[in-house]
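Presented sequentially are two complexes of subunit A, the first with subunit B as partner and the second with subunit C.
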Partner chain A sequence: MLEYRVEIALWAISGIIPFFMLNIWTNNNLNESINISDVLLSRYFLCAFFVRQFSVVWVVFSFEEDSLMGKVSPYLIQPLNPFFRYFAQHLAEQITRFPFALIIAFFFFIFNPESIWMPNLGILVLSIVSTFLSFLIQFLIQSIVACLCFWTEKASSIERLLFIPTLFLSGLLAPVVSFPAYVKSWIYLTPFPYLIDFPANLLSGNETNISGGLIMQIIWIFLLFPLFKKTWSEGTKKYTAMGS
Partner chain B sequence: MKLSKYLKVYKKFLHTSLASELEYKTNILVDLITAILSLVGSIFLLSIFFQNNGYIGGWKFEQALIIQAIYTILNGITNTWFNPNLTEIVKHIREGTLDFVLLKPIDSQFFISLKKINPSGFLEILLGFLLLFFCIRINQINLSLSFLTLSSITISCSICILYSLWFFISTTTIWFVKTWNAIEVLRSFLYIGRFPLNSFSFSLRIFFSVFIPIAFITTIPSEVFLGISVLWKILLEVIVATIFLITSRKFWLFAIKFYSSASS
Partner chain C sequence: MVQNIIDVRNLSKSFDISSKEPGLKGTIKHFFRRQTKSFKVIKDISFEIKEGEIVGFLGANGAGKTTILKMLCGLIYPSEGSVLVSGYLPFRRKEKFLKNITLIMGQKQQLIWDLPPIESFYLNASIYDLDKFEAKKRIKKLSEMLEIDEELFIPVRKLSLGQRMKSELLAALIHEPNILFLDEPTLGLDINAQRNLRKFLQKYNKETNATICLTSHYMKDITSLCKRVICVHEGAISYDGKLDLLLKKLSPVKEILIVCRSEEDAIKLENSGFTVKNKIKNEITIKIENNSITSSLKTILNNFDIEDLFINEPPIDETIGKVLIKKKYDI
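Entry: the complex of A and B
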């Protein structure tokens, strides 16, 4: 992973959309209407950036390429589910990404010195846990989509479809608190707000229901994991290696 | 004579790439739903911004929708032509197949920029135009000849700038080999083209008009639609577009001098 430092740095930069959004929010004083101060909002978007950096998943693209190239066949012979391989890759890249994310945070604090804060240790641990759970949820969803490769060959378009609600509803572009009431009434039942909004609120010290959020994340993992198992076993039965 | 040859070749490109893309029919359907959802999502985001404010950066909601429409059209064009072709450059260079492109008795930039086409992008362009017509109605814009020429000039300039930006980034692959993520960076910067330039702070506005001219891409055509554009801005856009096109061409010719095939 360290071979591609520039690539990972660029990857980290490409996640700066939350900062542009923050700029729109504060520059037009939009936050007054949702009762979040400038400082808290800027912390929120910084945390959203961090959570996104450490929960981004691309397993479907790797798996699609491997499956189209016929690389999945040797993986299947090995006594280890190939998704462990992708899982390890994701973890390794997250660790490499950490210093770059810190550099971006450093620049952020230079421009917004008033928003420097130090979350206490308990909150920090909890938010790392919830970020990891968010990563797990996204990894499971994408793995399920990736298994659809066994049927359609091009599963990445389904992933792009699922990315749209993730982008708009997860809280990356606007905190879920600011959503209109008709969306807020059902959104907390979907996995989306637990992907970015919940861990970011937790870390930035905004108001949030800590135990409720963690429980919902765990419930979603328990719902998705059997589904992944099922699609995986169905898919491998369906699988015919390239050229057969 | 030369032009007719290129037209003929382009027809072949269209034919082959359409044939291969239509192999994945469900894909096109999924892409259509994606395009619709993404438009709905961005209008939803805009409505959040406007729910308690009448104006954002001096733009009303109905006016900001025009930017959204133009962004959707341009994004559709990107998905139809730029994205499938220019991401291919990265592959050509990594696998050394650029040799075959350079050997062909045809302009390499032409070949590399127009070889493929992704038909699902058309749907996005169509959606963008529908929204644009809707905006023309709700903003009560009078269609006149001068308005139509001005708006088509500015939009074609935006397309040129967009193309050059994509082409620049992809060409740098010749030195850096893996620019996949550089394209992602460009994509995330382009994302701010969905919003009026005036809604950003002053420093970001400068950054997005001088370094990466995203400001020109959507805001100026939208201003033309609203009839609030100034002549110098349109002229400036034309100049910027020409400079970008010429430098992208020069840059490509310069870059292939450094191309040293795979394994050499």
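Entry: the complex of A and C
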């Protein structure tokens, strides 16, 4: 995919949902209800855009296509789990997305000069770590769903079910802080707020529990990894190498 | 004594396949009450293969040849029986085992479509823990053997089928495996590319003593590479043995076209006790058993005035075709 630079640029631009959401929030003065200033809210959605750019995962679709077309077969007999290939592809594309994301941020600051800020080095490093952990969580969740291809062939349908809570509970459409208190307490027990909301709040300088968020991210990785390993080892026994 | 490198005992494989009746009614029925049937595609087969052997798997479409190869290389899990390849249970896919084998499927590719093959070679080299120097050395050696050079730097999508197949082979052999599973490796290649590929495989086998298991629908691949064949019919082995023995058994006679100097000689020959297939003027076609070819030809040349003669081998495809539709061949 790295061969197609225009495609990557379009993908980067297609991730601008947070900017639409920012527009809806500020035009309707919704931020007043959660006591967040316009500036902090615009920074939050810009950071949500950045986090999304560097944590977006599509492994379930790639694996499903490769599995149905029989392309997984040659990878399965190599001494490297095929998911490492997808992992490397994601990382490579994230690096390529970086300049496009910077250009979008540049235009964002031109239209919102009051939002310009520079996070301190410590926060920047922690935000990068947290974004990478968010990517790992999403990659593991989708890899587990992708392994269901060995049973259902159309695992991406299951991923679409997961997309709904991801969209609403991750902080992509609204900061999690805007949810009612009793809902929030449940949301924070799921992996979703640690995908966008936590790293975006961290990077934008909004109030957030840094150590608690990072610990929850690590806990989710430790829970998901063995589940992935188990699904993978059971699934490969079911593999029929169709299409090859 | 040469060791068995592949040992297969009472191996079977079943697949659960769902069937659907046509039309809307069939679709609704399929949605709510899916009917699945278990198909035993490999039925209780046993064989051994020795180190350095080249064995051809023959069979009609759907006979189970590819399924056997897939179980041998660990791609699919056997339903019953045991498989040992190089001392390993293939489906466990242990690193040491995987570093020892390769699988090439004529209709599938592992090269990265949008990048030049050289990128895939270096990626494979890292996967198989080869350092850059060693990888470079092996790429040079294999590309010389396969006669590819500039193609290494052209995106795969722009290569011809033959160039792509050669690159696939290089990618699959960079780790110098000593067991090769080849599933129709010459599929779609032109005659010259097929011949080059066969020459390469012979050379690779000679130089490395690699064991090769091959399936192909091109009989030339089988006859020029394999001394031994395993014929598969509806998931069971119908013949396992030497190819030349099978051919002798299936075509015990040869047809000889003799051009006599005169029609009188042709008539004399027609009445001399040989089995005559047909006679047109001074040309006569006779059938002679394989084991008496030399003596019969000696008699003919000594007693008749012969202008020319041609020995016709029966077409190999026709001969092998007879095996593919039979359940059992004992020789």
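For this structure, a couple of remarks:
We take it that the second predicted complex is superposed on the first by the 240 of 244 C-alpha atoms of A that agree within 3 Å, B and C clash if a C-alpha of one lies under 4 Å from a C-alpha of the other, contacts with A are read in each partner's own complex, and residues count from 1 in each chain.
Simple rule for what comes next: contacts are C-beta pairs under 8 Å (C-beta built on N, C-alpha and C of every residue); 3 or more make two chains touch, one makes a residue touch a chain.
Bear in mind the structure is a predicted one, so any value in this text is a computation, not a measurement.
Once the two complexes are laid over each other on the shared chain, residue contacts for A:Lys154 go to subunit B alone; subunit C is not touched. Once the two complexes are laid over each other on the shared chain, residue contacts for A:Leu121 go to neither subunit B nor subunit C. Within the superposed three-chain model, A:Ile110 lies out of touch with both subunit B and subunit C [touch as defined at top]. Once the two complexes are laid over each other on the shared chain, residue contacts for A:Leu80 go to subunit C alone; subunit B is not touched. Of the two partner chains, subunit C is the only one that A:Thr240 touches; subunit B does not reach it. Of the two partner chains placed around the shared chain by superposition, subunit B is the only one that A:Asn23 touches, whereas subunit C remains out of contact.
If you count the residues of subunit A touched by subunit B and by subunit C, you find the higher number for B.
In the superposition on chain A, A:Leu189 makes contact with neither subunit B nor subunit C.
In the superposition on chain A, A:Phe179 contacts subunit B only, with no contact to subunit C. Common to the subunit B and subunit C contact sets on subunit A are residues 4.
Residues 4, 6-8, 10-11, 13-17, 20, 23-24, 26-30, 32-33, 152-154, 157-158, 160-161, 164-165, 167-168, 173-174, 178-180, 183 of subunit A are the ones touching subunit B in the complex. Listing the residues of subunit A that touch subunit C in their complex gives 1, 3-4, 70-71, 73-80, 236-241, 244. Interface residues of subunit C facing subunit A in the complex, by the touch rule stated above, are 15, 70, 73-77, 91, 93, 95, 98-99, 101-103, 105, 107-110, 114-115, 124, 127-128, 155, 172.
The touching residues of subunit B, counted against subunit A in their complex, run 24, 26-27, 30-31, 33-34, 37-38, 41-42, 44-45, 47-49, 51-53, 56-57, 176, 178, 180-182, 184-185, 187-188, 191-192, 195, 199-201, 204.
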